[in-house]
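Next, two complexes with chain A in common: one pairs it with chain B, the other with chain C.
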Partner chain A sequence: MDIAPIFASLHKHRTPVALIVLEIALACAVFCNAVFIIGQRVAELGMSNAIAESHLVVISVNGSNPDTARADIPRNLAALRGIPGVTGAAVMTSIPFGQSAGVDGVSTGPDSQVHPGASRYMLGEGGPRVLGLRLLKGRFFGPGEYADSTLRGGMMPNGHVVIITQSLAQRLWPSGHALGQQLWVGSEKHYAVIGVTADVARPGSSSIGRGSAHYAVFFPLAPDPAFTQYVVRSAPQNRQRVLHAAEAKLHTLAPNMVIKGQTFAQIRDQAFTATRSMAWVLVLVCLVMLTVTAFGIVGLSSFWVRQRRRQIGIRRAIGATRANILRYFQTENFLIVSLGIALGMVLSWGVNLYLMKHYELPRLPWHYLPVGALTLWLIGQLAALGPALHASRVPPVVATRSV
Partner chain B sequence: MLKMTHLSKVYRTEVVETYALRDFNIDVKEGEFVAVTGPSGSGKTTFLTIAGLLETFTGGEYMLDGVDVSGLNDNARSKIRNEKIGFIFQAFNLIPDLNVFDNVEVPLRYRGMKAAERKQRIMDALERVGLASRLKHYPAELSGGQQQRVAIARALAGSPRLLLADEPTGNLDTQMARGVMELLEDIHREGATIVMVTHDPELAARAQRNVHIIDGQEVDIAEEPRFQAEQAASSHG
Partner chain C sequence: MFGYYLDLALRSLKRNKALTVLMILAIAVGVGASMTTLTVLHVLSGDPVPGRSAHLYYPQLDPRPMQGYQPGETQPMRQVTWIDGMNLLHAGRADRQALMTGGRVAVQPENATLDAFYSDARYTTSGFFPMFGVPFRYGHPWSASDDESHARVVVISAELNNKLFGGRDSTGQTLRLSGRSMRIVGVLRDWRPNPHFYDLTRGSYNEHEGVFVPLSTSQDLNFDHMGGMSCWGNAGGGLHPSHTSTCVWLQFWVQLNSPAKVAAYKSFLVHYSEQQKALGRFERPPNVRLRNVMQWLDYNMVVPGDVRLQTWLSFGFLLVCLVNTVGLMLAKFMRRAGELGVRRALGASRRALFAQLLMESGVLGLAGGFGGLLLTFFGLWLVRRQPDGYAALAHLDPTMLLVTFVLAIGASLLAGVLPASRACRVTPALQLKGN
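Take a look at the complex of A and B:
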């Protein structure tokens, strides 16, 4: 189809064309960015967390008596380990995706300019094995290192060793020599890095999707009232049963405490509630936007076909086939949508710049643009098809009959 | 060139059946200039739309250039309209969104002609009608006579064998009508077959042959006593 005369005709109807072009541009910009963000959210749902998630249940225990807590912990752990199917149990101050026990600014020395925030995990003896931490370098804590490390009034353990995640190691010692270095917390305390583990997620959900999502430090800690999380390990198929048995057991042992058990899968699921609903909201926004655009195109095309009924008849009378008429309107739509897409690309880029500046979003990868363009072309062609078919059925006799 | 035998055309609406043409016969030879006259509502436009394949007919036979058109599909009919027939309408029927050049180009584009040849033909046709200087004008910027000349150029550009004109001067004043008529006579002299519907007895008289339609039937003028009265009535009304 020859586009020059179609352009000439569109030029004569600048105002409605400009409006629909703007609508398409807006839809294109919103769509490209929304798809990008949806893609990111979906990727976040699969965020890595190098612990044995499917094997774990977590019982949080609150309101323990500080005076007896230190003695209660070994008793409770022994009871939990006695449950059939349980292959390990340990205490922690917090757990990945669960409630946070604190974030520290960590660095390689008191003068360092780099001090990212990292989540603090304090583990009781046996914790690394129960969690299934994957050691990449170094070693786990020895029994003496647990016994040596207490809170004794402060917030920070007074031990001397830590294990850190790979991401954090990479951030602090980009050259890769984390092992044996001193990890500074604030400007006074420092600990020797004795191990580097595969990336474990931080507590909560606020760091999801960020570069710092896996910045975590593991401290050994002797039994302490700060331990509120009992992590119990079993085969995945025994999880539910172990969960109920563990809750019941702790309940009989400590009737005054608030006990709440969850499988780790549930905890993870809750952490991503916001991420999931955000993705769905964006999917909805896209659908609404595209539907509105499609209806806009249908409306305008129908109006134009009605308005140009006589012109169509004339074209038919002087030799246009039905296919010619159909193609005319589809081509016209293609041109309008293309103008909208061209403008939409610029707009997408602008929206992305804005989001990058205000919402820590990465740059929109270029390949989202053709995805947006194809989607709008397709929607445009489909939306124009009805009116175009209608136009192709205008009989040639209209040229002589209607005035 | 154009031969209709026992042709009928019925318009059916929910309430009535109108015989716009009834047992209609006509034979237009190649190279003839025929004027079709008749009172309003007698079926002249109906005849022309069927002759030009804009509409189908209800009964009878129509041979166009030796081809029985009743068996043709929509695409074949479009192709014949495009290549063999030129239309000139009372209401000019230019496309308002396109300028003069683009208007004349429309049928040539449907023919799939190369740009260079299109341009040549458009310029020749516009030269013929004396509007070569108005290429960039839009229909709304032209007088009625000029618009009709553009329409004639559009019909001419495709070098049709058959030119069908439905009251081509009906919307024009006498002077402009005369100009258009002279143009048609020129075109006829160059070999085109022309069938023109007109209410104007003066123009009809300039054709080689007159066909008179009354109530959907062709009547022989000599044998038709009502002719004088009809003719007088229609030319005043």
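Take a look at the complex of A and C:
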């Protein structure tokens, strides 16, 4: 099809064309970036966390008596293990995706220039097995290592061994020899790395940058008042029943404490509510915006068609088929939208640069641009279809009326 | 004239209902989306202590060891240690000052129908109340001598007073807190600064304490500490941080009434750091900051990034809607070229035509504004259903209500300018001939 006459006609109606081009460009810029952010959020929802999530319930116990904790904790754990269906129970100081907890600057030595922040998980005996930590190298803690590690009211355990996540091991020892090295916390304390596990998420990790979301260190710890999270393991189908039984059991054992139980699935769900709602807001904005754009195209195209009724009539009178007219308007729309998309790509890129600078967003991958382009082409063609069909039905006799 | 133009505008809008509704809807959704996000941003970035915030400053010191120190880049600590806090407090170099931290106490009502419950608490020196302009319903704050004598006194919030005493004047009564008897000396009016600027470690929004206890008393009675704490070396915190530990866990605020005093206080902080370094307590060269309330909130980036991001996107969306409206109005006005030609031929000036057409866009804007307002209410209702701490604060205030209409009418008038000026340029003779 010859597009020269289309260009000539577009050139004559510069203002309306410029408006549609601008609208498409803006819509393209907002759409590409919004879809990109939605993609980011959805990826966050599926953040990896190498523990047996579907098997776990977590009961937080607050307000316990620090003086009797050393005796209370083993007693509580024994009671929890006695619940039918429970296959393991252990205590921790904090849990993945839970409330933010202690973060330490860790390094390979007191003079190291690299000290990323890593979350501190302290585990009671049996913790790694109950959580289902996946060991990649080395070994778990031995019974003696739990017994030797105490807090005595301080912040850091006085043991000598730790297990770290794979991401953290990669960050500190990029050559891959983390095992047996000393992990320094601050400039005074250091611990031998005896194991490396698959990546476990940090507490509060839904709000931590993706790069460091799996930096965590596991310390062994003897029973201590710092243990506030009881992790109970069972088969997934028994979770709810075990949760209620465990809460009731702890209530009878420790009547005046604040006890709150959740399945791990609930904890994960809660941690990402804000992320999920942001994604939905963006989806809504995109849908409404595309609808508005489509209606804008419909409005302007129908105006255009009406303005050119006589010309259409003349073309029909001198031999153009309905299909020719239809194709003319569809092609015209395609050209305008293409122009808008070209401008929109540049805009998207600019908007992304701004967002990268101010909102810690990564660079927009190139494949989002063709997705945006295809969507807008499709919407343009659909929106132009109505007016174009209308145009194709203009009878040739119009050409002869009123001069 | 105004009435006549209005009549013309309404007639014209009625002629093509579908197009009119389309334009109003486009303005309404654009305005609704941007006003929803703008209101949230407005609420979240508001001044928590209007009228006072410019004179309230937050001194920061850097008592950490040399490791990791990069001159000019490392920011000082966000809180102070007990020793530094006490030194600065006792130096008394500011117009007013207060040293404080967050905590939690068990409230044990005498009334047997109420179970014991936890309440957030603030442990502070007496300067807190006059410095932040805290309003009292009954009684008064405790005095500096109460701080000195570790008096067992407490100030409670209006909410707690309603819960425990049904809103009656409870001053002079005894309240049991975590097993200790305290005398109520004051009851606050409703006072909930948002953001919770004086201690951001307890969450930025919708946080408010039920109980205020003198800092000295809270330490005597071993009340639980709650809030952010950063330590270095091998210090540890827990619920009862030690006064000599290398941990920061207190906030220190000062009131400085003139720029000269601000400059003087800053040099005092530098001098203090040098003195502490000479004593061997500090290792780093003086690294101090003195930010006022709004600078402090800004530095801590209390407004969630997502909220700003949403605001940007929704304004991009409003722009799309406006360009769309410009296009539709252009189509509509150009279609009426014949009518406008007749008017011109009958003697109407271009100005008059322009005014008539703009009246039409103004009417669209007003209608779009109402639609946008409804959508904003709906949008804010959706926001309030979110679990974020700030969500509950998302309400439309009179300012934002006005902004909604100014935005809608302003935007649609702006959108009308180009189409109207194009349409006015019709040549009467050509149009008349064409008809």
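Simple rule for what comes next: the second predicted complex is superposed on the first by the 396 of 403 C-alpha atoms of A that agree within 3 Å, B and C clash if a C-alpha of one lies under 4 Å from a C-alpha of the other, contacts with A are read in each partner's own complex, and residues count from 1 in each chain.
Please note the rule applied: a residue touches a chain if its C-beta (ideal position, glycine included) is under 8 Å from a C-beta of that chain, and two chains touch if they have at least 3 such contacts.
What you are looking at is a predicted structure, and each value in this text was computed from that prediction instead of being measured.
Chemist: Looking at A:258 after the superposition, I want to know if it touches chain B, chain C, both of them or none. Which is it: first, second, both, neither?
Modeler: second
Chemist: Could you tell me if A:67 is touching chain B, chain C, both of them or neither one (first, second, both, neither)?
Modeler: A:67: touches no partner chain.
Chemist: Touching A:274, do we find chain B (first), chain C (second), both, or neither?
Modeler: Second partner only.
Chemist: Count the residues of chain A touched by chain B and by chain C, then name the partner with the higher count.
Modeler: C
Chemist: Quick check for you: in the superposed arrangement, does A:8 touch first (chain B), second (chain C), both or neither?
Modeler: first
Chemist: In the overlay, answer first, second, both or neither for which of chain B and chain C A:324 touches.
Modeler: After superposition on chain A, A:324 lies in contact with chain B alone.
Chemist: Which chain B residues qualify as touching chain A in the complex?
Modeler: The touching residues are 45, 48-49, 52-55, 74-75, 78-79, 81-83, 87, 89, 91, 93-99, 102, 105-107, 109-111, 154-155, 158, 166.
Chemist: If we count contacts the way the header does, which residues on chain A are in touch with chain C in the complex?
Modeler: 15-16, 19-20, 22-23, 26-27, 29-30, 33-34, 37, 105, 110, 115, 151, 153-156, 186-189, 226, 258, 270, 273-274, 277-278, 281-282, 285, 288-289, 292-293, 295-296, 299-300, 302-304, 306-307, 351, 355, 358-360
Chemist: Name, in rising order, each residue of chain C that touches chain A in their complex.
Modeler: Touching chain A from chain C are residues 19, 22, 25-26, 29-30, 33, 65, 67-68, 118, 231-238, 305-306, 308-310, 312-314, 316-317, 319-321, 323-324, 326-328, 330-332, 334-335, 386-388, 418, 422.
Chemist: Would you tell me which residues of chain A are touching chain B in their complex?
Modeler: Within the complex, chain A contacts chain B at residues 2, 5, 8-9, 12-13, 310-311, 314-324, 395-397, 399-401, 403.
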